[in-house]
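Given below, in the form of C-alpha cells, are the structures.
In the two assemblies presented below, subunit A is common to both, partnered first by subunit B and then by subunit C.
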Partner chain A sequence: MNRYLFPLPDFQFTNLLPLIILAVTGMFGLVIHMIKPKGSSNALFLTTVIGVVAALMAQISMVGNIFEQLEMIKQDATNMVAEVVILVSLLTVLLISNPYFKRSRIHCPEFFPLITWAALGGMLMCISTNLLVVFIGLELLSISLYVLAGANKRSKFSQESALKYFLLGAFATGFFLYGIAFLYGASGSLSLDGFMRFATHTNTANQPLLTIGFVLILVGFSFKCGLAPFHQWIPDVYSGAPTNVVAFMATGAKVGPFLAFFHLVTEASTVRDIGVPILMVVSLLSMVLGNVMAFSQNDTKKLLAYSSVANAGYVGALFAGLMAVKSSTYWTINYFLIGYVFATLGVFVILALVAGDEDSPQTIDSLRGLSKRNPMLAASLVIFVLSQIGIGPVAGFLGKVLIISDLVHCQLTWLAVALVANSAFGAFYYFKLVRAAYSDAEGSSEISAKPCLGTVSALAICLVGVVGSVVFYGPLYNFFVSKS
Partner chain B sequence: MMLAGPAALATVGVVASKSAVRSALCLVFNFFILAFLYFSLSMEMIGITQIMVYAGAIMVLFMFVIMLLNPKLIDEKKDYKLPIGLLFGLALFMLLGSQILPKLMTANVPAMEYEVGSPKLVGEALFTTYVFPFEVVSLLLLVGVVGSVFLAKRRTP
Partner chain C sequence: MNGVPLAAYIGLSMFMFTTGVVGVVIRRNPIVIFMCIELMLNAVNLAFLSFARYRYAADGVSVNLAMNGPMMVIFVMAVAAAEVAVGLGIIMAIYRLKEEVDVDEINLIKG
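Up next, the complex of A and B:
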C-alpha cells in the first residue's frame, strides 16, 4: 500500500553528489562564520577548500557516468568536462582569495559560501536539459556574483560595479524569462529537446512564437556570456569588482552559460533560419569590438574584460557553425573552454598578486618590473598570454584550431578568416602585458609580490591546465570519446 | 465584465491619484479584483497566491517604503509632453485594441476542467515533476538572504 498521496519521484541522490557537497559546504561555511564571527576567515577558507576538493573528487569519479533524472538533469559527454573545469576554477579562485583579501584588507567572510553556490549554479546550467532548471541555475550564479562584485565595501568602484551588474543583469534576466515563457507557450514544454519534438509535430502557426522566444533567450544568454551588443556591463563590472571575484566571473562563471547556450543551440534547429544569421553577426561584432576596444585600454582588468568579449565571440562563431549544420560536436567547445579558462585564470592569479589596495583601477604599470621581482611569475605570464593569443604549444592555440576547423567544416570559412585576423590583432594588446612585465620598474611598484603557498598552487593548476591539456591531448581526446 | 470594469478603474486610480497612499490603496483593490477574476476562472491556487503575495506581502512593503520616504504631494507643472503622450497612448491603445478586441468579443470563457489549478494538483506537481527545481529554489532564496544581509550590514571598521 502506498503511504503517500502521490508516488514519490524516482531520484538518485548519489548522482548529484558533487552538487550536494557544494551546497552543504556553503551552508557549513555560514555556520562557521556564525559560531566564530571574528577572524573566521582561515577556518572558512579551509572548510570551503576541503568541500570543493571533495566535490571535485566526486565529480571526477563520476566522469563517464551517464544518467538522466526527472527529465531535467542529464549528465553525458557534453558536460562532464565542463563541470570539472568549473570546479577546478573555483578551487583556483579560492586559493588566491585568502591572501588577496588579507593584502587588500577586504573583509568578506560571505565570499566563500557565495562563490561556492555560484559555482553550483554554473554546474546546474551545464547539466540541465530543462529551461526551468537552466534559469534557476543562472539566477543562482548571477545573484551570488551581484553580491560578490560589491564585496569590497570600502571601494566606491566595487559598489558601483555591483549596482551596475545587478541592474543590467536583472534586465537581461527579464529577457531570458520572457523568452522561456514564449517557448513554453509555443511548444508546451520547458525541456530543451521539446523543440525537436515540437518541430516534428509540424505546427507552423506557432513558428513566430518560437522565433521570438528563441531570440529573447539569445539576448539573455548573450548578456550573460558577454557577447557584443550586450557586453557593455563587462568592462565596468570587471574593473570595479575585486580581482579574485573577477577571476571567477571571467572563467568559471562563463562555462555554465556557454554550455547551456550550447545545449540550446544544438537543440533548436527549428529556428535555424533566424538563429544562424543573428549568431554570426553577434559573434563577429564581439570579436571585432572586443579586440579593438581592448587595444586602447590601460586598465588591466578592462583589457581582460574586452578580451573575454572577444573570446565569447569565438565561441559564438562556433555556435553559429553548429547551428548551421545541425551538428553537436561537443569536443571543440569543451577543449576551447579548458584553454580559455585556465589561461585567463592564470593572468588573473598574477594580477591579484600585484594588485594594489583596489581604491583605484589597476593599470598595466602595476605589472612593471615583474621579471626582476619574480622571474617565475613573469615567465608563467608569458605562457598564459601566448595561450590567449593562440600561438605556440598551448591550449589556446589548439582550441582555436579546433574552432577554425569546425567552422571550415560548416562552410563558414569567412567567419574562420575573421577569427584568425582577430586573433592576430589581439596579439598586440596581449603583448602589452608581457612588455610591462619585462620592462624596468618605474615608481609605482612598491608591492612585494611575494607569492604564498595558495597562490603558487593556484598558478600551478593553471599552468598544468594550459600546458597539460596540449601535452596530453591524445589521451584526453581518446578518454573523452571512449566515455561518450 | 463585472470584475474587469472595476479592475480597470482601480488601475486608472493608481496612476491618476496624486497621493501615494491613495495610489497604493487603489492597487490593493486592483489586486483583490484580479484574485476574484482568477477564482471565477476556477484557478483557486493562483487566486490565493495573488491575495497572499501581492495584496499581503508586497503591499505591506510598498506601505513601508511610502511611510519611510514620506513623499510630498507634487505640484505638477504644465507640461507640453502631456498631450503628446496622451495622443500616443491613445493611438497605441486603438492599434492594439483594434487587433485584440474583435477576437475577444467572439471568444468563449474557456471550459476548464475543475481540477486544473487546484492546490492539490499544484502541490503534486511541485513535489513530483518539479521537485528538483523546487529544492534548488530554496538554495536560491538562501543566497538572496545571505547576499542582502551582507550588503546591508554596516561596514566593518
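Up next, the complex of A and C:
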C-alpha cells in the first residue's frame, strides 16, 4: 500500500504557545469539573490561574518575536502589547471571581474554562490578518460571553441580560459576516491586505461591492465595540450580568474587537471616502450619547457601561484619523487601551467587593461610606476615577493627550475639540462615584468590604497598570519603537 | 448561452438578508427572532458560494483563492450550530425562571 503523507503547513506552532496554553487550560478545567462535579471551585480556580500565568509568561518571553505566517497570523509590537493586556485583565478578573462567587453564592464552575476561551478568542482577533480567523476569534469571544452573562442562574436580571446579549450579538454577527461576504466578492480574498492588493489594480465595477461590504463590517464592529447607534445592548447587559463577568466584558473582551477594527481601518484605504465620514459621525455620537446618558444614571454598572460607550467613541475618533491619514503612530491605540483597561478594571474590582444582593441592580449608594470602612480602597478608587476622567499623572490622561495630538496631526481638529469637551463633561458623573465613597454611610448595607488576598493582588495589578505605565512611559515607548 | 447571472443569486441573498433583519426588528418571540438570524446567516452562505463560483469561473481566480468561500461557509455553519446550542440553553433557563418568553415582557432592565 502506498503510504501517503499529508503535507504539513509551513507553520511554527511554537509561535502560538500562549494561545495553545489557554486552550488546553480551558479543556483541563472542564475535566477537573467532571471529576469533582460537586466540589468547591478552588481546584478549578487554581488550575486556571496557573494556566493563565503560564500563558502570560510565554507571551512575555516571546516579546520581540515578530513573525507572519500563512497570511493568517501576524505578530508585531502593537498586537503583542494588546495580547499582554488581555492576559493581564483575564488574570485580574480570575483573581476577583472566586471570592465574588462565594460571597454572592453563585455556583458557576463553567466560568473558569469559558472566560479562558473568551480571552483566547480576543487574542486570536488581535493577531489575525485574515477575516476568517477574525470571525472565529470573534465568535469564540462572544459565545463564551453569552453564557457567562447568564452565570447567575437564579437571577432574572442575569438571565435577561444573557438573552439580550445573545440575540443582539448574533444579529451583529450576521451583519459582520455579510460584510465579509461582499469584501470577498469584491477582492476574491479573505485576507485584510487583500484590500491593498485590490487597490493597486483597482476595478471600478467592484467599488460598490467594496463599499457595501465595508459599511456592513463597520456595523458589525460597532455593535461589538459598543459604538453609538449600536450601543443599546451595553447598559442592559452590563447592568444585569454578574459584576466580575462585566469587568471582563468592559475591558479584556473589548481589546480584541478594537484591534481587529484597527487592522481593518489601517488596511482599507480604498474606501476612505465613505469610511472616514461614517467613523467621524459614529465616534462623535458615541462620545456625546455615552457621556450624556451616563450623567443621569444611578446604577453603577450602567454608569460604567455608558462611560465605556464614550471611551469607544474616543477610540473611534482615533480610527477616523488613522483612516484619513495613513500614519504609523500605532503606539496611541495601545497606550489608550492600557489606560482604559486598567482604570475600568480597577473600578470594577472595587464594585465587585462592595456588591451586595445580586438580585437587583447595584446603585451608587453601595459605595457609600467606603472611605470609613476601608480608606485604601477609597483612595485607589480616586486614582482610577482620575484616570478615567483624564487628569493628573495617570495613564488615562496621557492616553487622551496622545489621541488628541494624533487627531490634530490628521487635521481633524474639530474632533479633538469635541473629545476635550466630552472628557470635561465626563468628570461630573465620574465624581459621583468618588462623592459616594467619601460620604457618610447612612442607610447603606453593612458590608465589611474586607478584601481577601485575591482582591488585593487584583487591585495591585490595576494600580501598577494605571500608575506604572506613566512612570515607565519612556522605556515602554522606546521598547515599542525598537520592536516595530 | 443561457443561465442565471450572478446578480440573481446576490439579489436572492439580499432579499433573504433583508427578510431576516426585518424579522429580527418586528418579531417578539425570541425563538422566532433567532430563526430570522439563521435566515441572515443563510443569506451570507449563499453570497459566499455564489461569489466563489463566479470568481473561479468568470475571473479565473486560482482554485486556492476560490476555495476560501466554501471554507468560510463551513465555518459559518459550525458557528451557527454552536450559537443554536447556547441560545436555546439561555431561552430554556429564562423560561424556567419566568415562564414567559416574549421580549416585551422581559424588561426588568431598561436602558
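We adopt the following convention: the second predicted complex is superposed on the first by the 476 of 484 C-alpha atoms of A that agree within 3 Å, B and C clash if a C-alpha of one lies under 4 Å from a C-alpha of the other, contacts with A are read in each partner's own complex, and residues count from 1 in each chain.
FYI, a contact is a pair of C-beta atoms (placed from the backbone, for glycine too) under 8 Å apart; a residue touches a chain by one contact, two chains touch by 3 or more.
The structure presented is a predicted model; accordingly, all values stated were derived computationally and were not measured.
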- Message: A:Leu132 in the overlay: touching subunit B, subunit C, both, or neither? Say first, second, both or neither.
- Response: both
- Item | Partner chain in contact with A:Pro242 - subunit B first, subunit C second, else both or neither | neither
- Message: Between subunit B and subunit C, whom does A:Pro451 touch in the aligned arrangement: first, second, both, or neither?
- Response: neither
- Message: Taking the superposition on A as described, I'd like to know which of subunit B and subunit C A:Gln232 touches: first, second, both or neither.
- Response: second
- Item | Partner chain(s) touched by A:Ser161 [first = subunit B, second = subunit C, both, neither] | second
- Message: Per the contact definition in the header, classify A:Tyr146: touching subunit B only (first), subunit C only (second), both, or neither.
- Response: both
- A:Tyr184 contacts which: subunit B (first), subunit C (second), both, neither? second
- Name the contact category of A:Ala170: first (subunit B only), second (subunit C only), both, or neither. second
- Query: In the superposed view, which residues of subunit A touch subunit B and also subunit C?
  - Reply: 132, 136, 139, 143, 146-147, 150, 153-154, 162
- Task: Report the residues of subunit A in contact with subunit B in the complex, numbered from low to high.
- Result: 5-9, 11, 23, 27, 30, 69-70, 72-73, 107-108, 110, 113-114, 117, 120, 124, 130, 132-133, 136-137, 139-140, 143-144, 146-147, 150, 153-154, 162
- Note on the structure: Per the touch rule, the subunit B residues reaching subunit A in their complex are 124, 127-133, 136-137, 139-140, 142-144, 146-147, 149-151, 155-156
- Message: Going by the contact rule set out above, which residues of subunit C touch subunit A in the complex?
- Response: 10, 13, 17, 20-21, 24, 30, 33-34, 37, 40-41, 43-44, 47-48, 51-52, 54-55, 59, 61, 65-66, 68-69, 71-72, 75-76, 79, 82-83, 86-87, 89-91, 93-94, 97-98, 103, 106-111
- Query: What part of subunit A is in contact with subunit C in the complex they form?
  - Reply: 132, 135-136, 139, 143, 146-147, 150, 153-154, 156-157, 159-164, 166-167, 170-171, 173-174, 177-178, 180-182, 184-185, 188-190, 232, 235-236, 239-240, 361
